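Please see the structure below; I have some questions.
Here the chain labels run A, B, C, D, E and F in written order, and each chain numbers its own residues starting at 1.
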Amino acid sequence: MFEMLQMGKYGAYVWSSYGLALIVMGYVVIKPVMDKKTILKDLMMKYHRESHQHIESHQLKKEQENL
Amino acid sequence: MKAIMKWIYHLASPKHFYRIAGKLIPWFGWIAAILLIAGSIDGLFIAPVDYQQGDSYRIIFIHVPAAWMSMFIYMVMATSGAIALIWKIKLADVIASSSAPIGAAFTFLALVTGSIWGKPMWGAWWVWDARLTSELILLFLYLGYMALESAIEDPRSAARACAILAIVGVVNIPIIHYSVEWWNTLHQGATVTKLDKPSIHISMLIPLMLMAFGFKLYYVAAVLSRARNKVLITEQNSSWVKEVVALESGAKNV
Amino acid sequence: MSKTETGLQVKSLSCERGYRELFNDLNFELLPGEILHVKGENGAGKTSLLRILAGLALPVSGEVIFDGCDCRKYRSEYNEHIAFMGHKPGIKLELTPVENIQSYCDLGQRKTQQQIMDTLYQVGLYGFEEMYCNQISAGQKRRVALAQAILSNAKLWILDEPFTSLDVVGVDFFLKMIQQHVDNGGMILLTTHQEVNLNNYMIKFLQLPDGSISH
Amino acid sequence: MSKTETGLQVKSLSCERGYRELFNDLNFELLPGEILHVKGENGAGKTSLLRILAGLALPVSGEVIFDGCDCRKYRSEYNEHIAFMGHKPGIKLELTPVENIQSYCDLGQRKTQQQIMDTLYQVGLYGFEEMYCNQISAGQKRRVALAQAILSNAKLWILDEPFTSLDVVGVDFFLKMIQQHVDNGGMILLTTHQEVNLNNYMIKFLQLPDGSISH
Amino acid sequence: MYKVFLSLLKRDLRLAFRHKSEILNPLFFFVIVVTLFPLGISPDKQILAEIGPGIIWVAALLASMLSLESLFRSDFDDGTLELMLLSEYPLSIMVLAKIVVHWLITGFPIIIFSPLLGTVMFLNDDAIITLMITLLLGTPILSLIGAIGMALVVALKRGGMLLSLLVLPLYIPVLIFSSNAVGSSMAGLSISGQLYFLAAFMVFCLTLAPIATSAALRISLE
Amino acid sequence: MYKVFLSLLKRDLRLAFRHKSEILNPLFFFVIVVTLFPLGISPDKQILAEIGPGIIWVAALLASMLSLESLFRSDFDDGTLELMLLSEYPLSIMVLAKIVVHWLITGFPIIIFSPLLGTVMFLNDDAIITLMITLLLGTPILSLIGAIGMALVVALKRGGMLLSLLVLPLYIPVLIFSSNAVGSSMAGLSISGQLYFLAAFMVFCLTLAPIATSAALRISLE
């Protein structure tokens, strides 16, 4: 078994290639999953802000009228 | 004809795309995973040792599919860029720009695995061979594409500018492919892609093909999930995104 | 709204910058002899609107129709009919006023030297034909731009904050030219934060972002 | 003219740009609580004058004296007492208002986070602390610049066309801040082509290029 | 249409000549960069002759790239580019005129000076003639491709570095074929293959680059 | 005074990191320029090893020069440079902070990547270590001298080409000594002389360049 993993004298080369591929390809698929969370959070906050801005801008106008 | 176009526009509407892509991603993802695992096991342990290169040739099962993908994805980007420019289909822009980082990742993989393979075979990590160099240039094209995209503030202008860049950069693809024929160099010539009779043994061809298809499906899954994110951002003012956001983030909280 | 075949019609125009919607479903029309003053606070999208109308930017949706034709389909014809004066002067500082006007005209219908000189005098640049534009004042540069607009024979002038950094005399002169153009059946679309008194003129106001029109 | 030890005295200042003399032997003084409005047509040299007074440019001859000291000899002390707002905003678009003000203050006396927040609220930027400045409107950017001037504790504000491209609300707000500063014994030097109504205030006019002073 | 082309050509040349000091800058840059190498590498005749063609070509490429700024930047800044977009004539014709001017003030002087630099680098006569031919075919390609890149970044504030990232990869085929041709002719080999490629590529760029450039300009100015 | 330095350093680094994509541009440029040479000259191992040090140094020099724009340009455009001039603290301290940031985002990444490029150019291990040392001593000099040049042209519209003409000649001593040192160490010779020169020159520039730069800035902004 160990013989097999050693791949003659080329074990380091072969395994580092496969390992690197695993890391890079793993990152490529995990990145969008992580991104999605932040996007959902940001958009939630944005919509939240917008629904309140309505009220705020009214208040601002009133303040200016009072001045 | 008009009906067909209408149907395409309908399918390519962001809302539809988001829903359909969400259903497709698991399919592509799992099939890709199965193919890749099978291909790796076959390639690493089952395929016979090469009489010339010893076990080092097993890098081929990563290197070659990655190199193919690096070129294929660039072509996808250029084509969808052209589609977006001509027919003004927003989704094509989204696909193109979601592809760029994946393509860059594959190019990087092809370069590094090639380099790792080169050390035992050629005795050097790098040689200034035409194919190697043109692959390096492809990496720069990807990087330039991404740099341009992030430099332009307005996302719609950015997408259109990048489409032009991608189309112009296509000239590099034939150069990469034919470089081994134009210059006599160290890098191996066509062994797999010779149409009539591949000069590679069938026991090695099978894992290579498994990996190649696995990479393709993997790409589809990855690009779709990126594109779904992009669609959420570009369509953030539309009501359906508001619904989706409320639904999906609500579901998480529960 | 009556169906007209002349002038500018804008139909359900909407525009986004970044991911923010600036205006949505904007409708108005502008007829010969009319002035439209686009109003709105900083960042409301006035410049964006004017650039869309000039064909420099694309709207998210909607149509701009000039003399009955969609202006994006007949871009070259449309361009004959408009003169655009944006935030930037459109004048080369290393050229003289005459050379500037000459090379502007070369982009459209050619003009004789005589016509150019006449217009220069008309805008009051007598004696400055030979100076480079980096030696004349901001107000005089505007006059060069005005001469270009006049010479272009365009029906529709699109002016984005034309009075910025002009002194009182400069503004008055500019207004006079605008009135002349309107009197000759031209159309004007302008934005400005300053008060302008164009009494007795058919002037409409368009308030962004709510898109209401008032007379 | 009485010999004063406070405020700004300008003595026989003259300035050339290129080979053209802009003004010559200009004399005036500005005392605490006063506003000086520099007038003149385009290219008269208003900007040049203000830059000389701020110590950014050198005059051909003449002196600028502040609180009895020649400001070119005591540059560092003089700089403590002035706040300059030129044609350019002086604001980094890639930073938030708070970061902008913070890094401005770091160039002078340091301020606590609390002080900065208070001033931000004072200029009405509540709720915008976290946005980047390229996402806020031109008027709001001016407010950031104003907050910087207020925080600098400078006695003399030098403002070059501060109202450019501000909407009506923006101009009003700015004027209010100017009045507040003057009420607290500050001095203001400004240029603008727009009409400003600062009634009831001690406002002087300086007309370039003839350099006559009127009250 | 022909007239627009000519009048813009005349205007741009006039502008270039009004900045007399600037018109020679690309040439100076070219010469300085070429001289950096004997200083940085070795003054050895053998080595210089070997690396000469490549270095002259790389310097030409950098000079051409760095002078791309002048192509659209000032027109963009003062708003005359907008006026061109609003002209009733095709934009690509005007773009072509500007590219021709760019070539006249960067590529052309470089070609004129290349024999001198070739001599300094100890190239033989054959190689110098080939060098000039490749420059004659190649520098227009540089201006044409560069115009596309410049059009893409013209509206950006910090476009300089980005431009090089976009444009240099596209310049590489020209570099490879040209310096290869010069090297071959130095070794007495046939060079017709390389020259055919360069000529074909130039024609290809000449027809397509103005169109791509004007499309890119319209997008950038949006 | 120390605090101004630190706070400006922090601000500029923060700004640089807000433009994430831009921060790597000088490095990419450096790598692309280095790759141009094997393509343009020859892929031969022998030749590349010979010209490698010179080429890497020329590329570093060009990358440093082209990124000088970022040093003062944006501060000039948005008027924050004026505010710095009007600060009560010495301008040269602030200038030094900006130069340090410039070095951190151009010189430093180049140093980190130089072993990779050295390998690709077939330099031996000794030469690679020397290369890194010369870059460590030399790139700060490039930033310091470059700052003076940039300060002189910052107010000009088309300063790019002019800047290179001003700055490149001043860079030449650094280039000569550094690439000479790398070459010598490849041949197994002593290199202490060159390194002493570089170190001395760096200290010299470090003390005088900020003062010269701030004087130049005051003149430019007048």
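Following the convention adopted for this analysis, a contact is a pair of C-beta atoms (placed from the backbone, for glycine too) under 8 Å apart; a residue touches a chain by one contact, two chains touch by 3 or more.
Keep in mind that this is a model prediction, so the values were computed, not measured.
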Listing by label each chain that touches subunit C and subunit E gives B
Maximum number of contact pairs occurs between chains E-F
With chain centres set to the mean of the C-alpha atoms, which chain is at the far end from subunit B? D
Looking at C-alpha means, what's the farthest chain from subunit E? D
Are the interface residues of subunit C and subunit D largely the same numbers on each copy, more than half shared, or largely different? same
Per the centroid of Cα atoms for each chain, what is the distance between subunit B and subunit F, given in Å? 36
How many angstrom between the C-alpha centroids of subunit E and subunit D? 47
Taking each chain's centre as the mean of its CA atoms, subunit A sits from subunit D at a distance in Å of 45
Centroid from C-alpha atoms only, then distance subunit C to subunit D, rounded to Å. What do you get? 33
Multi-chain touching residues of subunit B, meaning two or more other chains, are 133, 137, 140, 143, 147, 151, 153-154, 156, 233, 236
Subunit E residues counted as touching two or more neighbouring chains: 19, 74, 77, 158, 162, 165, 168-169, 172, 176, 222
Which residue numbers or ranges of subunit A touch two or more of the other chains? none
Footprint of subunit F on subunit E - complex, ascending: 19, 22, 25-26, 28-29, 32-33, 36-37, 39-42, 47, 50-51, 53-55, 57-58, 61-62, 66-67, 69-70, 73-74, 77, 157-158, 160-162, 164-165, 168-169, 172, 175-176, 179, 183
With touch defined as at the start, can you tell me which subunit C residues reach subunit D in the complex? 18, 41-43, 135-140, 161, 164-170, 193-194
Subunit F-touching residues of subunit B, taken from the complex the two chains share: 124-129, 133, 136-137, 140, 143, 146-147, 150-151
In the complex, subunit C touches subunit B at residues 16-21, 58
Note: in the complex, subunit F contacts subunit D through residues 3-4, 7-8, 11, 14-15, 18-19, 74, 77-80, 82-89, 94, 221-222
